[in-house]
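Following are the structures in question.
In what comes next, chain A is part of two complexes: it sits with chain B in the first one and with chain C in the second one.
== the complex of A and B ==
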């Protein structure tokens, strides 16, 4: 549990943060999705919240508070999962818009 | 084949009705046994308050306490307050100078997690040594900043009634008590508006009905959920059935909610509380919109889960009636969501249910909510009175088809939820104060 109260934990969380942002950016580019600026903003906010959830659980465990870690993890984890699914669907909505646009261009030509 | 199906259609409601009657008889037995138990013993708590007590002349409500030489030490009076889970009985000791010598709790039916939130020991310590005629009856002294207002009010009410009895019997003094007005505020208005919208919704069609339902559910989520944390729970129904009626001056909204639930189920054959006024249903619906909630549970699994839920509700009520503690019937995760208070098991249950709401439409309402069982029972009763068949789902499985992977995942999740519910009930029964 020592790792959760050390600087190493924050280092790992920072790496995770960057990996997820860069990975999502690459995924969006590969699929040619049109993701609006506010969806990106929401995604970054969500990522911050998910990082906070991880940090809350980790630091609570590190401080010897397993009950706080469990309850906080369940509450924040639940919010993170539900909002994460919502944002995922927003990305999907972008994908659907693209498909509709391609479809209308093809039928037009 | 057709004859067999015909026979099934006839025998299933009959079996349901028979099971319902057996359950009713067992519950009535548990209730009468729970209610007939002896009144709490006062000798030991009196000795806690007056350690030198040797002779206690036990009377109905006010007991005289003497030391070994027959010298009068004081009096101890019992008094009741109406809390969330039923009556709360307290014993207040008053010495010969008319000062509070101590307070002991004789009967406590409050939810353990909320009972721990009130500052009862601090309040009891604070009033010790105070003259009985200088006590203030402000429940805020007990509640502090917590959300357990009803428990705090019950404590003050219990102390107050005890002191009044001792003052009248031993000191021949009448303590004036200001009359308690009926509290009719925003909560009561909102509840009435929600039911009115439900009745209106029955007459509307299409998008208008959907909008009315969304508006009322969002209102219910905000007011009945996050602001007042007042959803109808099995504990409330159990308290009503046990005869532990809440104080209508304080909890008028709860009367409206329970009456609305029962009356609309009877009058319209549809329970408008669940459709329009349940804040937890609203929370699931909103999560469902976020997640799409497109997964359908097959009717046979729905029937199976409904049957298991009925058994769990019966067990919960049986435990509550037998122990004369209505709060033990409550296994809903509502408090965890609306006041962020609950046991770890309740938090886990909330987590599983809300995450499942992303994929399945209102899973708690459809398969696990005890109010659904109560609703089906009421509809059965209504149909029986009208001479129709069973209103609820027949408790029969159609065998023969292999379950799909989705059904297996749903079944395992349902099993987890049921396990959590049983765990919550067992925890409540084992660790209640």
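== the complex of A and C ==
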């Protein structure tokens, strides 16, 4: 348990966070998407919120508050999913997938 | 790095971009698990139970200075006056009532030689002063006092025989915590308070350089004695009882209490109750653990000050005090008064059992604090909704002896104390208060947000979340079975108070 309260934990979390950003950047380039700076900023905030949600659930369970973990996890989890879909659309990935789907249907017919 | 370089395949067949994508996905999973693990560790961390982990106050991280104000957050709205402890201090009044009630019933039995019907005719006129006048003004309190004796206590005795063994570990824990501590002061101020040398001669005060430095010294010493928080204020005479309570050495409790000249300053010390049992109130918690520690701390402080040649006297609840402790603590900048009448501190919420040392040692005083409790309590009402006795008002503040505050129905409150198993008391309002939470990142963040949000929006949002996330039993479930309840506790007890796991209950 002590590892989670150490400075090393946050150092590793920071590295993992950066790898997630880099991985997402690679994925964006792979798809040929054009993502604005403010969309990236929203994505970083979303990652923070997702981390908060997980930490909230963990903290509530650690405190012996399973109801808070469940209800908070559902509430914040739903917010994270909905906002995550919104950011997905902002990235343009959804539209690109729609275009690809339409294109494949047309070429198939 | 060019786009092309991202696409260059490595000898193993995985190009850089594919590697980053896989690593990013893996990092999201590991990082997310890490956040959940961090949260779990933070929730479990015993160091976030403030007041029990050290005696240095090092983890008391609330930045108090930013919230100092010139006046306490209670309001003066009329001519202020001191409380008549004989009638308005519930323990004193209930003690007087019990004695007189027995006398009245005994006299009536003596007249007609039978028991029973004489109880129905008890009126305020049967009591001597000051109870007679009080009950004429507050007839509902006479009904509640009679209810305690005639109905609640007999039912509790019956239920204790049936269910009491379940709480034997809780009682043992409470008795053990209360078993250690200095004897309460039973001498009047002129005998107890003044310093004496080893031969009993009046002590000579040492010459102190500076009140501010002395205040720092007193706080450091009190922390060394084990106090979680320390504050200093000039004593407001309004907080001293107008008449003394029994057992404090005053020869005649029917004479007004003259405030000694040397009760100039009040030093407030205190500690929280053990956290896990506190959350398992009303059946498993106890106030004895904290009061015992506070009594030791205050008595040591009294001895320390007297050794320096100055007067000092401790005032420690449950019963050994000549003044109301919470408002003194509020004046000393330790917290604000909540809807439930209990002081709320930023550090430990209302899980704080204070004691006071009145003294004339020259001290610099602390200013009160305002960290948003009044606005919060106006909307929250969690304590009032959870209170099984209905003693905490849902409505607005009222004028009480010239001060505007939430008026607690202490007779209803004490009647519930007398109607639950386990240890004496209730403490549900303390356990359910949103401020009484562990000092981990989650609740610290909520505290900082509400304390710094002038719009009040965060208070409403967080209160709503608190009610949804941290529900407790219905208020009536806290009662004993014969009064329609289920002996419920707000939270499960810690493993070491579960009697059924250690004792064969047959």
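Convention: the second predicted complex is superposed on the first by the 73 of 109 C-alpha atoms of A that agree within 3 Å, B and C clash if a C-alpha of one lies under 4 Å from a C-alpha of the other, contacts with A are read in each partner's own complex, and residues count from 1 in each chain.
As a working rule, contacts are C-beta pairs under 8 Å (C-beta built on N, C-alpha and C of every residue); 3 or more make two chains touch, one makes a residue touch a chain.
Everything quoted here is computed from the prediction, not taken from an experiment.
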Contacts of A:67 with chain B and chain C, given as first, second, both or neither: both
Partner chain(s) touched by A:42 [first = chain B, second = chain C, both, neither]: neither
Touched partner set for A:89, first chain B, second chain C, both or neither: first
Superposition-derived comparison: chain B or chain C, residues of chain A touched: C
Partner chain(s) touched by A:58 [first = chain B, second = chain C, both, neither]: second
First (chain B), second (chain C), both or neither touched by A:33: neither
Touched partner set for A:78, first chain B, second chain C, both or neither: first
Contact residues of chain A, present in both the chain B and the chain C interface: 67, 71, 75
Chain C - residues contacting chain A, complex: 3, 6, 16-18, 20-28, 30-45, 438, 440-442, 465, 468-471, 491-492
Chain A - residues contacting chain C, complex: 1-2, 4-5, 9, 12-13, 15-17, 19-27, 29-30, 50-52, 54-65, 67-68, 71-72, 75
Complex contacts: residues of chain B adjacent to chain A: 287, 290-292, 340, 344, 347-348, 350-351, 354-355, 358
Chain B partner contacts - residues on chain A that touch it in the complex: 67, 70-71, 74-75, 77-78, 81-83, 85-86, 89
